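In order of appearance the chains are A, B and C, and numbering begins at 1 in each one.
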Amino acid sequence: MDFGFWLFQTLNALQLSMLLFLLSVGLTVIFGLMHFVNLAHGALYAVGAYVAATVAGMVGYWAGLLVAPLIVAELGLLLYWLLIRRMRQSGPMAQVLVTFGLIFVLLDLTRIIWGDIALGIEVPDLLSGRIEIGGVTYPVYRLFIIALGAAIFAALALVLAHTQIGAMIRAGVDNDQMAACLGINVERLFLLVFCIGCALAGLAGAVAAPVLSVTPDMGLKILIPTLIVVVIGGLGSLWGAMAGSLIFGFVQTFGAVLMPGLASVLIYALLAAVLILRPAGLFPARG
Amino acid sequence: MLDVRNLDKSFGAIHVTRDVSFRLDKGERRVILGPNGAGKTTLFNLLAGEIAPDAGRILLDGRDITAAPVAERARLGLARSYQKNTLFDGLTVAENLGLAAAVASGATRSILRDALAAPAVRETVSEVAARLHLTPHLGAQVSAVSYGVRRQLEVGLALATRPRVILLDEPTSGIGPEMAHGFHHMLSSLPRDLTLLIVEHDMDLAFDVADRITVLNYGEVVFDGAPDDARNSALLRDIYLGSWENA
Amino acid sequence: MFHLSPLRLGTLALLFAGALFSAFASGYAGLEILTEILILAILVIALDMVAGFGGMVSLCHGALMGAGAYAFAMAGMSLGLPVWAAMLFAVLFTGAVGWIIGAICAGSHGIYFIMVTLAFGQMGYALVFESPFFGGDDGLAGLARPDLSALGIDLNRSRAFALYCLAALVLVALAAAQILRSGLGRALVGIRDNERRMRALGLTVWRTKAHLFGLSGMIAGLAGVLAAQHVMYISPGLMAWTVSGEALVVVILGGLGTFVGPILGAAAFVVLRHEIGALTPYWHLVVGLILIAVVMSRANGLFGFVEGRLARLAARRTAKADAPHREPRDA
């Protein structure tokens, strides 16, 4: 186990972390602002991957990467008006159940539209091939995922910290009733954040499509890791989502090579420990 | 019976309880007075164990219960009522009292017998219900009865545990003067060996029921003595009683 | 507070009669469906105990069922216990696991409780899935059914096995009703309604929760044993979180905290799955839509809806009957 090994695995871990970050950040901010747990977030990611694969097949990769988040955001808008708006006052169990039902519905809808066969997606020339860094050759596309995740994180952190809309979101997460009293249109803020969260899920799907095969159950598979990230990091926190993603990515990746057979158990044990010792997660959004 | 020694509690920079000490003898009825924000409810939460003090000790019958959990204090005979009704809203009045009596008697630990059907529990329920005029409401769901009835039930739950010391947090808040008077009468008719600590806004009630008065202000005990002394205390009249009369 | 109203008792009697009738009237396919219903009914009784009466919405009951199945298999294969002893071991083991999970999760509420139980369930799934000791992804085959030949019963026939599962369900329902009616069950409902007050009255809340979760785990474990004996093969799929999710769906469709509703829900769920599954491969779409509709309607499932309607009807009737005699009420 030389330096090359460690570098290679670190890059793998980062790649997984950034993918999870794109998914979990939407979920976590939606929860922080609306106290709404959307179990169908993973299903939206699968829809994003399918849309990206379809558009990429017709027009090209970059078009797919652009269109997928937009379509998924539209879908999110639809879901918001049909279901989520009415579920805002319900308890966590009702929300979990409705979005659990939504998983089933979206799963079968993708099967009806795209069939059961796994779809592939071509990586554009610019991102194909491998390059050598630090003595290891690594696929360019995976480096692209890492860069994209980091860029999105930086952009979100800047928006949250330095813009008016960011201040409104932070106020809403901290105390939505108080925010409403201060004249912030909380309902519209919810809608905006919900759509951005969905768009990021769609983007994650589009980005993941070339690395993983696109199948109807990909949303179900990614859901549990995403929830773990969100809970470890602390519901509602951007930094928590990043920290949780990194923890998950590294524990999973290094666990799989150093302690095969125990990696997943390790993750769940970690999750249980966090929930018991720090029930609000490592970086809770509220004081 | 209940010995409170030098209790201290701060929330951040705010010192809510400062070096509070007093002793309740068996059967004593003590009323705690003080303006809003004087730290009365915090003191109750400290005594009942819902929050932990920063310093000081609480002894029940000579036994240090400062670190004991809420449930253990209750089992040792320290019952409380809440300023804001904390009832089982989805259950009937009878079931509310039954649960209280069953928990106190240990019947809720049985996996075989129905705790609510136990003769001792039923007896307690009807006795407490009669004392608090709850008998006509026994079959009604809590969410369906009037505020006054719920206020009575709030105290009823504490009584149904058959406590030795009972902490009542503003038991007459929000109910009319007539009902408050009836309540006051009920308190006087309780067995004399029951020790009472009452936070009360109603001055008349305070002076009628109390053997002793403790006055809190900004978390500190500023007066501790007999009701007559409290009535005649210039300090209290000027600073506290005045503020009530104006309110 | 739990009690068996005439409506509930009547429905239970009807369900029992229906199950008994179909056990004798059905062919092989029907008996398979019946057995599936009976086992699912046992699992959802366990879930309704904690979720419906204790407010502990568990997403690990599928995993507990799986734990029972694996414990049964391992007790037979590795420890060499005879079938009955292995069954007993599995039930006790799952009960112990449930007790521990319940004790640890007692401090969590709402969405956090759902998440922690999900985490524990997934932990079990990962453990079984990744460990060759438990047969890994391939699962374990060759599980035995109890030998009742001394009584002249051959449990390898589907009818005898269905009746055996029905007997288990009846026992479980009786035990669950007894638990819910006991002091422990009463305390559980008190906790659901107002945990803080229960504590102030002197109840050690976490212990009550752990006991109930343990008892519920025992029942889920029994469901797992029966499921393992039914298909004589177990795989990690039994422990996937979606199994827990489906069990919760069944409880909700039937009526949370109504005791009878979830059993009804189990029957409806399995029958619908087979009927719709025969028509279209998109069974999940239908279930998803039904689930969304039921939850958004705010009715408490099938049975809760009927109960609520009847209660309102009865209230209206007594109000009408009382109206002429009623004294004017003070304001």
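The working rule: contacts are C-beta pairs under 8 Å (C-beta built on N, C-alpha and C of every residue); 3 or more make two chains touch, one makes a residue touch a chain.
Here the structure is a predicted model, which means the values were calculated and not measured.
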| item | value |
| --- | --- |
| Contact graph of the chains (line, ring, star, complete, other) | line |
| Farthest chain relative to subunit B (centres taken as mean CA coordinates) | A |
| Chain nearest the global centroid, as defined over all protein CA atoms shown | C |
| Subunit A-subunit B separation of Cα centroids, rounded to whole Å | 50 |
| Subunit B-subunit C separation of Cα centroids, rounded to whole Å | 41 |
| Between subunit C and subunit A, distance of the C-alpha-averaged centres to the nearest whole Å | 33 |
| Residue numbers on subunit C that touch subunit A, as the complex places them | 51, 57, 104, 107-108, 110-112, 114-116, 118-120, 122-123, 126-127, 129-132, 241-242, 245, 248-249, 252, 281-285, 287-292, 295-296 |
| Subunit B-facing residues of subunit C, complex | 1, 178-179, 181-184, 186-187, 189-190, 193-194, 196-205, 208, 211, 215 |
| Footprint of subunit C on subunit B - complex, ascending | 48, 50, 69-72, 74-75, 79-80, 82, 86-92, 95, 98-100, 102-104, 107-116, 157, 161 |
| Partner subunit C, residues of subunit A touching it in the complex | 37, 83, 86-87, 90-94, 96-98, 100-105, 107-109, 111-112, 220, 224, 227-228, 231, 235, 260-265, 267-269, 271-272, 275-276, 279 |
